[in-house]
Amino acid sequence: MKKYTLWIAGGLGALLLLLVPLYFKSTFVLHIYTLTFFYIGLTAAWNIMAYGGNLSLGHASFFAIGAYVGALLYVKLGISPWIGLTGAVAASFVGGMILSMPLIRLRGPFFTLATIAFTEVLRLIAIDWRDLTHGSAGLNIPFDLGWLNLTFKSGAPFYYIALALAVGSVWLSRWVRYSALGYHLRAAASDDQAAEALGVDFNLVQITALLISATLTAVLGLFYAFYSYVLEPATLFSFELFSLQPALNAIIGGMGTVWGPVIGAVFMTPLGEFLRFYLGTIQQGLNYVVYGIILIMTVRFFPGGILSLLTPLGVRFKRWIGDTGDNQ
Amino acid sequence: MKKLAMLAAACICLMQISVTGVFAEEKTIQIGALYPISGNLALMGEESWRGAEIARILRNRQGGVAGKQIVFRQGDASTNSAARSETERMIEQDKVKAILGTYASSRCMVASEVAARKDIFYFELGAIANAITQRGYKTVWRTCPTSLDFCRGQVNFIINWLAPTLGKKANEIKVGIAHEDGEYGTSVANSFATLAKKTGLQIVSVEAYSNTSNDLSSVIFRLRKAAPDIVVAVSSSQDAILLSRQANELGLNIPIMGTGGGHSFQSFADGLGPQANGVLNVDFTQYHVNTKYTPGLEEFVKLYQETFKHFPRAGSSLANFMGANVIFNILEKTGGSFDPEKIRKVAMAMDIQPGHTATGWGVKFDKEGQNVRAECLVTQWRDGKLVTVWPKKFAVMEPILVK
Amino acid sequence: MLNLKGIDCFYGDFQVLRDLSLKVEAGQIVALLGPNAAGKSSTLAAISGALPYTKGEINFCEKPIKGIKPEKVVDLGIALVPEGRKLFQTLTVRENLELGAYSRHAREKRGKTLQQVYELFPVLKDRSSQTAGSLSGGEQQMCAIGRGLMAQPRLLMIDEMSLGLSPILAKQMFTMVQEIAAIGITIFLVEQQVHHTMRVADYTYIIEKGHITMSGPTKEIAANEHVKKTYLGM
Amino acid sequence: MDFYIQVLISGLLLGGIYALISIGLNLIFGVVRILNFAHGELVMLAMYGTFWLYKLYDLDPYLSLVVVLPAMFLFGVVLQRFILQPVLTTSGVMKMFTTVGISILMQNLALILWKGDFRAVQTFYSMSTIKFSGLIISIPRLVAFGAALLSIILLYLFLKYTYVGKALRAIVEDHATARLMGITVERHYLLAFGLGALFSALGGTLMMPFSSVYPTIGGPFTALAFVIVVLGGLGSMGGTFLAGLFIGVIEAFAGTFVSPGLKEAIYFVIFLLVLMVRPQGLFGMGRGTEEIGLK
Amino acid sequence: MALLTVKNLTKKFGGLVAVHDMTFDIEPGEIVGLIGPNGAGKTTLFNLISGIVHADQGSLMLAGKSLIGMRPCHRSRAGIGRTFQVVRPFDMNVLENVMVPALTRTRDTSKARKAAMEVLEMMGLAEFATRSPGNLTLAQRKRIEVARALATQPKLLLLDEVLAGLNPTEVAENLPLIRQLRDTGVTILFIEHLMDAMMAVAERVLVMDQGALICCGTPREVTSDECVIKAYLGEEDPQC
């Protein structure tokens, strides 16, 4: 009986999300939802590396790789973005391999520094390589309507695409967590030496996680490029938007868990828009001040993120629905 | 699964918060004002907004448009992504029927794209990338000059004044370009190269640099090696000062001609002191100009000073003032209606000769929506003031050559 | 001088000290002997304030010292020479010694104390400008003890002094300890090395599984068969 | 040949300032074990301090050091005591994110207080140069370089010969044992953070005669300082100085002979290569670095 | 053929010789004890065998295959399981802790879960499967440590002081486990300080002092050896 309640609640939620575009005609609302879904995806992808204890502040690089590869193939060669996806995945795979070289020797903050440097190098190359990327002037996705071109007049198609991407990313992140890889990553994060002694190939699992995370981010980047029509290094390689924000979402939601990133993204994305609207126009910069304070306070007062505050609630909820708490 | 359900609920709640907008009142005319007012473009974004704001205040004092007061719905285009969100929000929540802005070209490209796809009017008053009006949208208009106009101003000046002054023919003049590698610098540099090819100027060196760089000695060294007759600099902000300082430190004795941005700021002269003297610049109309050709400028400056307690920081505010006035005039003629057909008709019919607006620009839109009578003036820093020196009818002083 | 009464102490949920009581009388060399993991280092950590204890009290010179931070315990006149010496490897011998005299009362007289330490360990004077990392094992131990002496302690606690030293060196070190005691500094030795320790100690405690199982003047303890059993399970 | 020497000189002068800013970061890192992402913002704050003293009280930038340095020292102490001290026991990454938060906060507070304008001071010596045999050297840059060299020597002497300096070195090596010596570790953390802020302030103030300040100026300095500190070796002051010069010269040559737009990319590539091949740094010892993430 | 062959193994840390020229064999199915005073180099020897530190000199062979140059994870897969002296459970529940090594043998989580449960049952930990190790007693955590090592299905199990810190009843409970483990076909090398425990289970004892192997034999032989007594009691000038 209680299982039913669960399914009905879940189904209802899913239905609600599917019906949103019909209920809200406003593309602004859809845009916020779409943006939130993108960030759920990004944060979940970022979080796959966090399972292994590695915090990247360079995911903008993979995001931009995906966006540029997809857009360049489309704009310059006329290849549909759906086919371009393979190119984006391949390119981000190569990028991930390159970044994995320092990863083998570096841990903690130093790995984080390496990811920042990696992104900076790519950003500067993207700016300088004008023949390919048009430099800072950027590339435009032409307005040719059609599913094949990923160009739509209404906001609904991208709403569903982003929703699918978010669900897919979270599903993948959940799958990784409860696979052999996930167990090994978590073991490596908690004690790399003990994990190695128990047969966990530290380098292999970390690199695998990096590659999964990187390619997933690149896929999101590609769709984002087509969603935002304009590609330029200042936005795609933006530290604040695509490197720091996913990390922030995850930390605030609850890093290294499946649902923490989702909660973080759902909380932070509308909040960011809200703050910019209400505070940013009152006093420039005020919204970021609030952001900074939220970050400092989170680390200090609840380093486990929002999820750690919800856990007591969750336990009660589980008891209520009669869930015994098995992970499978 | 159960968590998903909880999340969905939370999600919807949160979004409702950000969605509660204020709906348009009937007695006012609602226009979106989209500028980057935080982030790294905040300074000029805000300065540009001030121009439009002054125009609004002034027009409202005079009774508004078609008897209605004008209200700006403000948006912060701090990033491209924000530009998109804010445009969506202004259109959907604030129900604006027209948007003006944006100062930065990349923000405009994103925002106008969103607006155009919804048939909402977008008036660009300050961004100069050529591409903005070249995408075939019927609802995107621009009142200010393009980057090509900037370079036209420069090239004309170089050919008609610099070449005779140096005693050279136009095709003997060597030009070095130093530009910041952002979207602004790149687009101007590209335009200059195109124009130079047509007019026979020799470009001997093109140096791109990052505007966050704290050392430009390498740019100077490369220019020194190329030894041009004039350096065309496209700087966005503090890099203008840095470039001039390091040119001086490292003995680059070549006249510098800025291209708006950093070279138009009062801080440029304040920071450089006497060294700023003689630095040329091409930009939107600035304040030390022949006011016979710029009716309304003095009124603008007066109101600006009353409102913001200091002299305007750059010509961008004036350009936005002029542009906003053009929009108000159009709306006045449509009787406050945003009907696409009406607006288009009125706008296309507009025909103002140069010398009748606060910037001195005329108004005549081409089919793409670009104001073809917008032009850039050459100015020069003289004793801490940016005075107009070219073309002659706008000039208040004669240009001088300072190496 | 030092008096531990009924100390209970936990690492997480694991009890390392059970109702431990011992006394160190002024002017004596007191030894705490016991096998690995018996709770010897924990005892020292509890005294020096690095490890909080749940029950019991520690008095030094009749005054309770519970809750005093490690950096302040030194000021009271208790110096600890940690297990494994823990010298500052990149600092010179002299700098290591000087840092020993960080506490306020010792700092003023550090020039004089340094001379005394050099007299005790002439080799340190020869090596004074070398980095501590370049010393041999024995010299490092001397430096560590010297550093402890620099604090002008009334009580010097030495943890596993003979660890990693050859028997001959260890023997020399114990002789040194006697010399130090002769200056009037009370010494609390924590050791596994039974033979040498018993040669120098006035009073001995045997600790097993966090509890004192035997105590008495060293001569009495030495005669006891249980000691042998503790160490070799015979 | 002269040309190359001129490029070299300009790179060295630049490197001196870089070293000065980085030395503060290295000190904070070595002693407190925090990767301070708000380091550039400390430089920014000091630059604003100098600017306002000049603007409001007509104080020469060099004279303003008397006010700016103690103020920034105090600011560093307050930052460490009230914001970082409470999170000291969390993981390195969490501490890092706290400093990211501080950086966002400071940048935007500066924007609110002082707007986005870039501001520069104008002194009689701003543009003065020494010229000999075809070479030109900017005097304020030379002063900054000299000050960098001098302060690094002073810092070295301070760490080498003063009692507090020795205590700081002891903490760098092993803070638990330092505590056993009676060294008040937390208080030294305050000192180290204060000194770190002071050195960045010195760098910032000395740059004011030839540079301008705006709210986001700090970011590139933070990145740069990290590159230099890692190259020079954590905890190694001499290494930091050399690495600063090295990066300055690389930047000058790469900018002049490759492309001004790619000079940052080149030093980031070097940084990545060093991290891969020799994470303990080109010049330094890299003691205790396992603790914070180097293998 | 010997299961583990150690020849001339040497490891220096700076000036300190932690393990000096050690040579010994371990036959399949043996239970071998390793004793020695503090700092004798026992744990370093374990680290050398399990690959956490690399030897400066000498050779290491597992069932005839050289281990030199192999990373710890590969040695683990080759059949070396080890526990750490200080328990180091991962930040996850007991079952998951044991699943981590089990998942190096199979990629299938349900199989790994089953295998882990079996090991937990054998170790008497089944009822704590969903508990966090932090909430268990030290004795139980030590068993998790052993369970994790067992879940790698080792040929050679290195136990580092699994009895230290336990009270006598707990020791008595854990002792039979060691024999039981051997009976499942695992060869065991263990470090222990509790002499009576050592005497009760070890078939052969290696004694280390100052990084060198000073004696080797049955428990009885070893305890009556003069050198051993001297090493422990620190008598002057041992002649060996």
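Just so it is clear, A, B, C, D and E label the chains in written order, and each chain counts residues from 1 on its own.
Rule of thumb we're sticking to: a residue touches a chain if its C-beta (ideal position, glycine included) is under 8 Å from a C-beta of that chain, and two chains touch if they have at least 3 such contacts.
Just so you know, these numbers come straight off a predicted model, no measurement behind them.
Colleague: Treat touching chains as neighbours and tell me the shortest step distance from chain A to chain B.
Modeller: Minimal hop count between chain A and chain B: 1.
Colleague: Kindly list the shared contact partners of chain A and chain C, in label order.
Modeller: Output, common partners of chain A and chain C: D, E.
Colleague: Can you pull out the chain pair that has more C-beta pairs in contact than any other?
Modeller: By number of C-beta pairs in contact, the leading chain pair is A-B.
Colleague: Could you work out which chain's C-alpha centre is the most distant one from the centre of chain D?
Modeller: Farthest from chain D by mean C-alpha position: E.
Colleague: CA centre of chain C versus CA centre of chain D: separation in Å?
Modeller: Going by mean C-alpha positions, chain C sits 43 Å from chain D.
Colleague: Please tell me the distance, in whole Å, between the geometric centres of chain B and chain E computed from their C-alpha atoms.
Modeller: 74
Colleague: Determine the centre-to-centre distance between chain D and chain E, using the mean Cα coordinates as centres, and give it in whole Å.
Modeller: Centre separation, chain D to chain E: 49 Å.
Colleague: Can you work out the whole-Å distance between the CA centroids of chain A and chain D?
Modeller: 33
Colleague: Among the residues of chain E, which are close enough to touch at least two other chains?
Modeller: none
Colleague: Can you pull out the residues of chain C that are in contact with at least two other chains?
Modeller: none
Colleague: Where does chain B touch two or more other chains at once, residue-wise?
Modeller: 38, 42, 46, 181, 208, 210, in rising order.
Colleague: Give every touching pair of chains, nothing left out.
Modeller: Contacting pairs: A-B, A-D, A-E, B-D, C-D, C-E.
Colleague: Using the touch definition from the top, list the residues of chain C that touch chain D in their complex.
Modeller: The touching residues are 48, 50, 70-72, 74-75, 80, 82, 86, 88-91, 95, 98-100, 102-103, 107, 147, 151.
Colleague: Would you pull the chain D residues touching chain B in the complex into a rising list?
Modeller: That would be residues 3, 6-7, 10-11, 14, 108, 111, 115-122, 126-127, 129, 131, 136, 138, 141, 207, 210-212, 214, 216-217, 219-221, 251-252, 254-256, 259-261, 263-264 of chain D.
Colleague: Chain A touches which residues of chain D in the complex?
Modeller: Touch list, chain D to chain A: 35, 83, 86-87, 90-94, 96-98, 100-109, 111-112, 116, 215, 223, 226-227, 230, 259, 261-262, 264-265, 268-269, 271-272, 275-276, 279, 292-295.
Colleague: Would you tell me which residues of chain E are touching chain C in their complex?
Modeller: Touch list, chain E to chain C: 14-16, 37-39, 134, 137-138, 161, 164-165, 167, 193-196, 198-199, 210, 223, 228-230, 232-238.
Colleague: Could you please specify the touching residues of chain C with respect to chain E in the complex?
Modeller: 12-14, 16, 35-37, 133, 136-137, 160, 162-164, 166-168, 170-171, 192-197, 209, 228, 231-234
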